[in-house]
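Okay, got some structures for you below.
Here subunit A shows up in two complexes: once beside subunit B, once beside subunit C.
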Partner chain A sequence: MIASRLKTVRAVVVTCGAVAIMLIIYQWIDKQLGRTDYYTGFTLLAASIGLMTLSMRKKLIVLPLGSVAVWQQVHQYLGLFAVATFMMHAGFPVHGILETALSVIFVLISLSGSVGWYINKTTPRKLLAAGQAVLREDIATMRRSIAQQAYHIALTAAGKIESATLADHYTQRLSDFFSRRRSIAYCLVPTGRSRRELLHGLEKVSRHLGPEGRSCKQTLSELVIAKDDLDFQWAMQIRLRSWVIFHVSLVWSFFILVAYHIYLVYRYKGG
Partner chain B sequence: MSDPIKRYRRPDQQWKCGLQDKGVLCTAGPDHLHRCSNPNTDQTCHPRRTLIWWRRYLPVAFAAITVAILITTANMPTHREIIAPGPLTLAHAQLISNPQDPHRCSACHSDDPSSNPSPNPSSTDVSASSNEHSTSPTSDQPISQVSEAVLAKHSQSDRCISCHSRDMPHLAIRSAHDLPVDVLDEMTAWVKQRAKGTPSTSMPVVLVSAPAAANNNLQDQPEPMALATGVDATTLSQTEQKKNGNGNERATSSSNKASNDLACSTCHREHQGPHHDLQAIASSRCQACHQESFKSFANGHPQFENYPAPKQSRIAFGHRKHQDSHFTKTSTAFDCRACHVDTNSRSNVGQVFRSLSYETACAKCHDGSIKSSVSEGAIVFQVPSIDVEGLAKNNAAISKSLSEQWPEEASLMLDGKIPPLMQWLLMGESEGSLALSGLDLSGDLSKLRLDSQADRKSLVSLATASRMILEKIGNSGQSAFAQRFVSNNGQSVAPFDYGIRAILRGAPPDLFRTAFETWFDSSKQIGKQWKLLKPGTHLSDGGWMIDKNRLSISYVPTGHADPWLASVLESANDLLEADRMRSDSNREQNEIRKVFIAKQLLSAQGVGQGIGRCAECHQSIAQTNSTVTQIALQGQAQDRWRSKRVSTATRSLTKFDHGPHLIQPQLQSCIACHAFNGEQPKYSIHSEFANIKIEQCASCHHPQAAGDQCTQCHNYHASQR
Partner chain C sequence: MAGALAIERPKRWDHPLDPSMLLRDLDWLIASEPFASMNPDCFPKATPLVDILKNDARISRYEHGDVIIREGEYGGSAFIVVRGRVRTLITRLESTSVEVAQRERPSWLKLLRDSLRRFPVPEVRHVAATRSHKDGPPRLVTQVRSVDDKPRVFLQDASAILAGSTSEPLGEGELFGEMAAITRSPSHYTVVAEGPVVLLEIRWQGLRLLRRDPEFQKQLDHRYRGAGLKAHLRETLLFRFLPAEHLEKIAEATQLVSYGDREWFSEYKSTRKLNIQEQLRQEPIIVEEGSPVNDLLLIRSGFARRSYRLGAGHHTIAYLGRGEAFGLSELIHNTHQGINDKTILPYQESLRAIGFVDVLKISRRAFVEYAIPFMRGSELPKPIVTARYDSQGPVLSEAPPLVSQQENVDPAFLEFLVDERLINGRQVMMIDTERCTRCDDCVRACARVHEGNPRFTRNGPQFGPFQFAHACMHCADPVCMIGCPTGAIARDSDTGIISINPDTCIGCSVCSESCPYENIVMVQIHDQRGRALVDKQSKLPILQATKCDLCHSLPTGPACQAACPHEALVRIDASNLKALQNWMDR
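Now for the complex of A and B:
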């Protein structure tokens, strides 16, 4: 834990040092009446290309290029450096339609990168807290199995007078929960609200149930918890994979606009 | 392939079974055409895309959309608005007002970057430049009307210069402060010497001719300019010769190339929005080139030297004398603002002027004495007092008619002096010149002797010429008289001709005829009953009159700035200047007399008789063979009378606005900054005020108060139209 924190501190110090050196050179060029925008622009381009190397590294798994975790960390701090360079380059407010579009895409990439950083850091811990990790491809099968179990319990309960209320409750409140996937909103921000509401509903029904009915209710409650845990695992894994798609997709647009931006800069450069 | 379920768990598959999300276990999965390949399934299966597919193709889709948007916008009429890195400042935007104008960008940017010339067009060959001149944009031509072919040959800075050279004609030099590199080197050497504590001379204010604009094919030859920076005029002259000589000094001077290739965009960044200040620049950037760098204005800025620099003025004025003597005598408060502040107009330093008009600043005290001095008027013509009878007794060949008709009042004895203006008139007649040859320069008749044959001859000529002047002007008008000063080839005999014309300007010929009939034609019996009138009371508002008392034609000036009197004095000044410019020292008697008379007219006593006392204040009109006269001769003749005002178009390296300073309570008294140095000025170029110390300014000009940016007090572009 201490070693990990030391690594983080070291990385932050190195990043801040790089930004400081960048600032010093910036001010020196500015005092020399040099083109600071060229300096920051090409530094930003170099940093962006450096950030791109992570995905290349991921594809070149056969080459001994160090662990992906190290590359990931370098990518994160290089991203921070790129944000600082971008602020020096673009300034505020940003003028021009093309420049604004370029800036918006850069900001979106940075935000998605930050979100990814957060997701990458927190998801394993959350998945661990939610129980045994399950492969995403198996979740649908397991969910179906749980739904079938719940259906059979509800069917059993419906055949008895003392637990008919439980069957009605299943039909009204639980059937949809077991048979359907969760919403996109749940994917983005998975919460335990539905789970709590459903468990609370089952508790309220239990006073109308006999001993066997209560036993069925208990089994249904366990199935609600199991289904919600699976949904949580599914949501976390979907989120973990989806942000990367968004992050990488924007990068392509970004580089196309950067190329056009550089062309325009040289096309209309002063002199 | 032995475990089909495992295959579906692989993350590299782009398609998956359509029933997978429903929890159905498929043993086959999609085929290579993304169709269901399981023959045993009893449900309808539509294979679905996995996240891997999205990961692979979504970025491609984004890229395709981006490219499509760029291609679409490239063909839109508003394409230039889209690619512009921001709105132009208001000043530039209004010049290129139509956003759909295809030449909107090319007004400032070259359409073909490869066709850009060298960064500095003036470094190109002069002959080439001159050849291109006809096809180059000029400052009079809107940039939007210049053809693309012409514009493509010039860099962006050239295009800036083509519009701004009207206000800053030396932009074309494209070096620091628009100064030639040699001048900058000279100044740098001076600063280095000062840093060592061994400055050979103080930095003078000099007149500078701008040389480099001649090399620029975008420029017309600019007017000479004055800079408030010190460089040796000789150096500048040499620079000019070098540039004119080979026309390519910059190209051959590689060591100076860097400082001579400054693009406008180095400091002025466009496309930062309509309200962006294009002139804004950080003080730290100013120090990029300067030898002496310093932390702030209060901490390290070089001490002011000779600031504010005394400027050459044509009006002699002593502040100390006025305060201590004149204002004290009249118990009047010596308020600087009364003479120096005009809230209705603006100078380079705000609403404060070196001097206001006579009417505003001086009339209150000086009107009375000037009126008094002109009350007797200036005698233009006077019947000489000649002893006609004595002449006749001494057998002078004076005609009988002249002898009989010579006014009785002027026939008693040889007395008086010929007035200077009349002497000038006499010199316009051959007979008059003959008469004057016998007189001394003052025209004193009493020094003539009737027993001298030469003197008698002069007197006869004088009488004849005097009569002739009146008769000719009276009968034929001014032009007939002035015609005598046109040489055989039709050229005017200036400036003497100008002097005679100045005297006769406004003089009514009828008055001369009346005077002739009054004094020389007894048959007319004119004026016999006239009262004796004093010019001052008879012509209280000025004008021409026949002075019966003095047998003269006089002009009574209207007061200060009388145009007739000014015209006469200007002609005298011209005559003196022309004489000064003559290289030979051999002068005829007539020429010596002309100069003598001119000096008499311009003396502090005025037009012979103390008229006007003009030269007391207008010393520049009275002096010659000095810097003062050089100052006086700049500009139009009438400008010689005015205090020299600095044009508002002037851009020296320093600037100052009194406006915001006079608001400060501690600065409302001008003496807070402009204290006397205890010296009386010999002339206007000698300041009677102490130099301002940097500490006086630094007390307010620091970052926490009035600011200490370089551009608050300094202009980068220095020039004068």
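Now for the complex of A and C:
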């Protein structure tokens, strides 16, 4: 733990140092009446290319260039450096349609990067709290199995007068929950609201049930929890993958606009 | 991708050890000892003696100084001296004396190309490689020959080394290397040719079949129990200061006893589903707690569980591996108490065989007389203060605390390792699910370096946040190697990595079924055009076994570990509890 914190402190110090050096050079170029925009622009380009190398490193895993974990760390701190460089380069307010589009995309990339950092930090603990690690590919089969179990319990309950209320409750409230996938909104922000509501509903039904019915209700409650845990695992894994796609798509859009931006700069740089 | 290509299904003995063995050599072998006195009726019709010798044996020539078996090498073959003489070197050779042949690594260009390539169809094989040598181009024969022709490792100054080392000569008709081959263990000695030598090499698959002859089996058993004993005692840390004559006395007073089933894995698959108390009942008891201490026990091979009774069950406190002793504390305690004292203690814990265990039982008397005087006081265990049992029976009032005695490891974790048999793993894939985001970068990296097919599943038994994924663990006791009819699955003698040779794998799935951890997967193979390969006759798909090869051909080591962006995955030796604990506590 201490070693990990030391590593973080060291990385933050190095990043701040790099930004400070960048500022000093900026001031010096400014005093010399040099082109600070070229300086910050190309530094930003270099930092952006550096940030892109993470995905290349993942592809070229055969090269002995250190573990991806180290590259990931470098990526995060280089990202912070790029944000500082961007602020120096673009300034505020931003003028022009292209420049505004570039700035918006850059801000979105930075924000999605920060969100990604947060997701990567928090997802493992949340997933662990939702039970044993489950493969995403296995979730559909497990869901089906849970739905079948719930259906059979409801069927058993329907056959007895003392637990018929439970069967009705299943048809009205639980059948959909067991058979359907969760919404996109749930994938984005998975919450335990449905789970709480369904468990509360089952609790309310239990006063109309006999001993056997209460046992069926207990099993159904366990199945609701199991299904909700699986949905949660599914949502968290889907969210992570969607975030990667979103982040990478933004990066490519940014580079296309950057290329056009550089072309325009040189096309109209004048004498 | 579409369509299928019919080829001849690979068979056992499609690839004999020596495809060029002459008939007259075979006739001569059959007429020579020990084969001449073997009873041909002992062998099944499908594998007669003549076919075993024809396919699983070869005659090889060696020059003076050639290394035939290297100490520490995982044995795959036994040898019989046909002509000449060899020497078994008992003293350890420096690594500079025995050079290791260089293994081929793919070029950088190929590695880079493969990394960037997309694999529309996984597990592509060269059709020629899967064909029988009888009707295809001689690709496979060349491969076998090239193995045969590889430069032999030799001792540069063999005469001087042989003169300066403790060695034993072996003459014509004598057998060696059989113990390492049968037990899948590293060899205890180096064998060097003394002058020109002709040897008959029998690969272990053949050796296993030859054991059907009762006389040969008896001879092997006798040698296994006799020859291995001295070597093992000699390398036991406890006895390193013993003079040779005392070691001799200890050897005389030692009995080698085997517990459990050598092919334990078949039983394990069914017993692992039982509850822990049932599992424990299935484990053969080596020593029962509370019984009188008559012997010191040394584990020769395999693993044993140290436990004591707790409530209605048993509490595991440690597991013992090769070279570790049991009963030492009690023996030392009793020695200090004096032989007639009432405070003499029985065994304080039970010892059970996990799978198959070879145990050396050294009699108490011989140990006290010949070994204790030569053992360092600082290395001896401390006297037992709180006994669980005394000479009258259990001492219930003073129950010991619930702690593991092994490297301060959580006792529950230790029990988990033993129950799941993970202690067998030398390269276990351990995932910290408190860090793992399930991004599957490890799976993708594995697929990228293995022709589009990952060689592990990110799933498996879990202890708290630590998951042990289904990836080959390159076990200390690789039971998957038992029964492979062609020797396609083998352990690298230098690295200990177990890999499958796709050129000689016939897809019989013996290894896959033997692996108790379900870490070997049978996959459908394709040709370079993406067509599924099917058997010419039955039209059924041709499968091959695949598993993690620890990316041994990559300079980066295991791609899964290198690719993890969260440092959540590690390949680790599960027998090294200190390393495990350090990684868990990091």
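Criterion: the second predicted complex is superposed on the first by the 269 of 271 C-alpha atoms of A that agree within 3 Å, B and C clash if a C-alpha of one lies under 4 Å from a C-alpha of the other, contacts with A are read in each partner's own complex, and residues count from 1 in each chain.
In this text, contacts are C-beta pairs under 8 Å (C-beta built on N, C-alpha and C of every residue); 3 or more make two chains touch, one makes a residue touch a chain.
Because the structure is a prediction, the values reported are computed rather than measured.
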| item | value |
| --- | --- |
| Which superposed partner A:32 touches (first subunit B, second subunit C, both, neither) | first |
| Touching partner for A:149 - first (subunit B), second (subunit C), both, neither | neither |
| First (subunit B), second (subunit C), both or neither touched by A:135 | both |
| Partner chain(s) touched by A:53 [first = subunit B, second = subunit C, both, neither] | neither |
| Partner chain in contact with A:248 - subunit B first, subunit C second, else both or neither | first |
| Greater subunit A contact set [subunit C / subunit B] | B |
| Which superposed partner A:256 touches (first subunit B, second subunit C, both, neither) | first |
| Where subunit A meets both subunit C and subunit B, residue numbers | 135, 138, 241, 244 |
| Residue ranges of subunit C in contact with subunit A within the complex | 111-112, 114-116, 431, 433-439, 441, 444-445, 448-449, 457-459, 462, 465, 467, 554-556, 559, 561-568, 586 |
| For the subunit A and subunit C complex, residues of the former touching the latter | 3-4, 58-64, 67-69, 71-72, 119-120, 123-125, 127-128, 132-133, 135-136, 138, 236-237, 240-241, 244 |
| Of subunit A, residues touching subunit B in the complex | 27, 30-33, 93, 95-99, 135, 137-138, 140-145, 147, 181, 238, 241-242, 244-245, 248-253, 256-257, 260, 264, 266-271 |
| Residues of subunit B that touch subunit A when the two form their complex | 8-9, 20-25, 51, 54-55, 58-63, 65-67, 70, 81-87, 105, 109, 113, 116, 119, 155-157, 262-267, 271-273, 282, 284-285, 287-289 |
